[in-house]
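Shared chain: chain A. Partners: chain B in the first complex, chain C in the second.
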Partner chain A sequence: MRHHLILRVITKLLIGSIMLFALYVQFHGDYSPGGGFQAGVIMAVAFIIYGVVFSLDEAQRVLPPWVVHKMAALGVLIYAATGVYSLFVGYGFLDYTALSPDYPEKGQHYGILLVELGVGVTVTGVMVTIYYAFTSRTPIMDDEAW
Partner chain B sequence: MATETVLHTALTLVDQLPALQILVSFIAAPLIVVLGSRRLAWPIAFAASALSLVIAAILLSQVLDGSIISYRMGGWAPPLGIEYRVDAANAFVLFLVAAISTVVLPYARTSFSKEISTRHHTAFYAAYLLCFSGLLGVTITGDAFNVFVFLEVSSLSTYVLIAQGAERDKRALTAAYDYLIMGTVGATFFVIGIGFLYMATGTLNLADIADRIAEQGSNRTIRAAFAFIVVGIGLKVAMYPLHRWLPNAYTYAPSAVTAFLAATATKVAVYVMLRFIFSVFQPNFLFEFNTLEFIILPFALIAMFACSFVAIFQSDFKMMLAFSSVAQIGYILLGISFLTETGVTAAVAHLFNHGITKATLFMAVGAYVFTANGSYYDTIQGLGRRMPLTSAAVVVGGLSLIGVPGTAGFISKWVLVQGALEKGWWPVAILIVASSLLAVIYVWRVIEVLYMRPTPENCEVREAPMSMVVPMWIAALACIYFGLNTDLTLSAAQTAAQGLMSGSAGMR
Partner chain C sequence: MLVATALAVVRTQSLFATAMLSGVFSLLSALLLVVLDAVDVAFTEAAVGAGISTVLMLGTLALTRRFESAPSHSPAIPLFVVLVTGATLIYGTLDMPNFGSATAPAQVHVAPEYLERSVHEIGVPNIVTAILASYRGFDTLGETAVVFTAGIGVLLLLSGLRRRRRNKREDV
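The block that comes next holds the complex of A and B.
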């Protein structure tokens, strides 16, 4: 039952750095190429590669499907809540100036960080959901047939 | 570091209404999923929908005198930023969409409980709200690309909603898939058209595009953009040769979804078409004039006859209504193709009147599906006395569909005939009346099935629950009310038509 030893070891080494890279892309999105979409996909890759190598059940023990579904919705809420906050403070919807009225340019930074965080969470959730949806169908070939 | 204080006047709640119009339902949708409670899903959806209706009513009352509300998303001024722009034309459509949704949701609760398994309910209401806010977004936005984005939000959730009918009939899956393919082709054409417009004008703000097109006149890029946009939106409208997705999608979707979509989705697409044909492109361009007179007008006439004929020979009540919808869209497109103020008034009025009429009828079909488990004529025969309230609503809706005086359908057809006579198009006016006679036939068939045929032996069908009958009758009474009191519909439709017809000037 110990197949693909090299794959397993390398995957375990990779997952950490993939996640770290995802966070880097996430939080450097406003300075350099990147942002929520890219970071979300990279973060999802960490879970997907775990699922590919260690089986779907293992992946779903780490990240159960119901959590993933909530993540997809939660990200949208984070995004919207940022806008609603600015709306309550008396600015337009998603007017980031509201986050720091005295230093508008800082407000823009905070705003884009929060919004991209929402995007990242949603994209991670959606990517993993799609992966779960496709792989949880009955396999055509089982693991032993390799 | 800039330390100067930036003066800012806080926006009041009323200023924020254009944003709140879509935000309420757009936030409620993920909220339902995050809470994940089956008991809370419906109350949240209903509260969001009712709140949207209140906002739409306030917005409509503000713009009925012909004024315009402009809202800057994210505080970026148009034409660079995304602008939300409310005028009489789209406030009217916003009101229609929100009103239909608020009436349909109480009905949907009972109807879904039988048609959709409970474990899908939370996700279902979330998809419903996304579809709802997508439709509102398409209507309210003043940015061409934003129209596309919201069109996709509403379309993608619509495919999900239609596919939910698979629990009752597996054909819902192929219907949803057909619509997915056709809808995606339509959206692609639409976005290609917007790409051409952006190439020609360098801007995405609708009012700004209109100004620049007026400056530079017609050229090949703009003509190509026009063609792509008309075909793309034509698919969403179910314009005659592009309508094949509609009958199956409406027939196999869950009843409440059909009632909601039939009354709103195609109507919103018609609004987008009106906006592009009359405000963004100049109605006095020769190519546009030709398109309307030699393409849209004949196809509208064919739709009125061909689809009414097909509707006559259906054996399924729901399928019959779906084909009748395509025929009725023919009337709306006919009004547009007149290129006169009366014609557009008729189109906008029929958009509203047909919306409430079809909502009534599809809700009645849903009641038969609920009690008798089907909408085939064989299944519902003789139910007129068993389900008196539902069947009476069918009669009211049917009369409005034909255009009998005293119902909403009459008003818009009357204005339409007036428009045809104004242009001196006598044959068209006669064709409008003639196609209404076809509507008499297909409506009579249903009434005959319901009232004249004997009720089958050992039939245990009883009247549908009140939660379904009451919303149905609210829509049915609206059909009568708007047939007798035309102040709101016609004056709003006229203000809308004036705004639309004045080209780019109407967007300022």
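The block that comes next holds the complex of A and C.
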């Protein structure tokens, strides 16, 4: 299993910056292009690349399938909980003013951040789930097959 | 270049090349979207179209054969349908306003209102995010639920199949 040395080293270098970029896109979405969806996809790519270059088992040791499944559900819950919270505090569903009644603009900021976080977590979970579902069905390919 | 890539996708028999070429196609359309100033959409297209779907296609490829099988029917009827649809769509674009026109319906309907209101109502510089997460929060919640449902669907279909096959093997 010592082949593809260059690929392995470069991947290890890249994964860190891919994740960092995903977080940047996630939390800087209010100022620059991008948001939860794009960030979720980029974050998922970091794990998928790890799974492609190393192996599915290695990737699943880092991020077990049950965690990924829970992540997919957790994101929707974060999103919906934001809405339900504002409902309980006495505003409309998903009215972000509820998060900071004195400064509505800040409330909007927090609300968008929370909601985008929910989207990002769900998208990461679903993308990695789909990848796991596809690759766990394949026999492990030897390099000659390509 | 988009057309050339699309033709290449149709012409090649190797499915591996097809998967790679469709990734190229997505990247090119992402560039097109950047030219149209839709940076957020271009971002998504590049990440999903060129990144994830290429990987998923390769994953599917490993499950199936490497080359296309010869078509079992004549290409005349599909070609006719494609040509008619294409001609209708091109005829439809003749009515569209010119590129960058300030009086286009998209510029004069709700867009100016969002542009004016979001600065002091939301205070977020990226108006796309403001519309998506705040004004259209319900829609985005629905979209997130759709993504979640899609993931569950894939999971049920693929892992269910595996279990059934295992059962069958035990029967034999």
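The rule we apply is simple: the second predicted complex is superposed on the first by the 140 of 146 C-alpha atoms of A that agree within 3 Å, B and C clash if a C-alpha of one lies under 4 Å from a C-alpha of the other, contacts with A are read in each partner's own complex, and residues count from 1 in each chain.
Please note the rule applied: a contact is a pair of C-beta atoms (placed from the backbone, for glycine too) under 8 Å apart; a residue touches a chain by one contact, two chains touch by 3 or more.
As the structure is a computational prediction, the values presented were derived from the model and not from experiment.
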* Mind checking the superposed model to see whether chain B and chain C fit together on chain A or clash? => fit
* See if chain A has more residues touched by chain B or by chain C, and give me that chain. => C
* First (chain B), second (chain C), both or neither touched by A:74 -> first
* To do: Name the contact category of A:90: first (chain B only), second (chain C only), both, or neither.
  => first
* Asked: What is the contact status of A:26 with respect to chain B (first) and chain C (second): first, second, both, or neither?
  -> neither
* To do: Scan A:123 for contacts with chain B and chain C and give back first, second, both or neither.
  => second
* Touching partner for A:60 - first (chain B), second (chain C), both, neither -> neither
* After superposition on the shared chain, which partner residues are touched by A:109: those of chain B (first), chain C (second), both, or neither? -> second
* In the superposed arrangement, does A:48 touch chain B (first), chain C (second), both or neither? -> second
* Asked: At the CA centre of chain A, how far apart in angle are the CA centres of chain B and chain C, to the nearest 10 degrees?
  -> 60
* Check the superposed model and tell me the shortest C-alpha distance between chain B and chain C, rounded to whole Å. => 5
* Structure fact -> Contacts of chain A common to chain B and chain C in the A-superposed view 69, 72-73, 76, 80, 83, 93-94, 96, 104-105
* Contacting residues of chain B [partner chain A, same complex] -> 1-2, 5-6, 8, 10-11, 16, 19-20, 23, 26-27, 29-31, 33-34, 36, 71-75, 126
* **chain B contact footprint on chain A (complex, rising order)** => 66, 69-70, 72-74, 76-77, 80, 83-84, 87, 89-97, 101-105
* In the complex of these two chains, what residues of chain A are touching chain C? -> 25, 29-38, 41-42, 44-45, 48, 52, 69, 72-73, 75-76, 79-80, 83, 93-94, 96, 104-105, 108-109, 111-112, 115-116, 118-119, 122-123, 125-127, 129-131, 133-138, 141, 146
* Structure fact -> Contacts from chain C onto chain A in the complex sit at residues 16, 39-40, 43-44, 47-48, 51-52, 55-56, 59-60, 62-63, 120-126, 128-130, 132-134, 137-138, 140-141, 143-145, 147-148, 150-152, 154-155, 158-159, 161-162
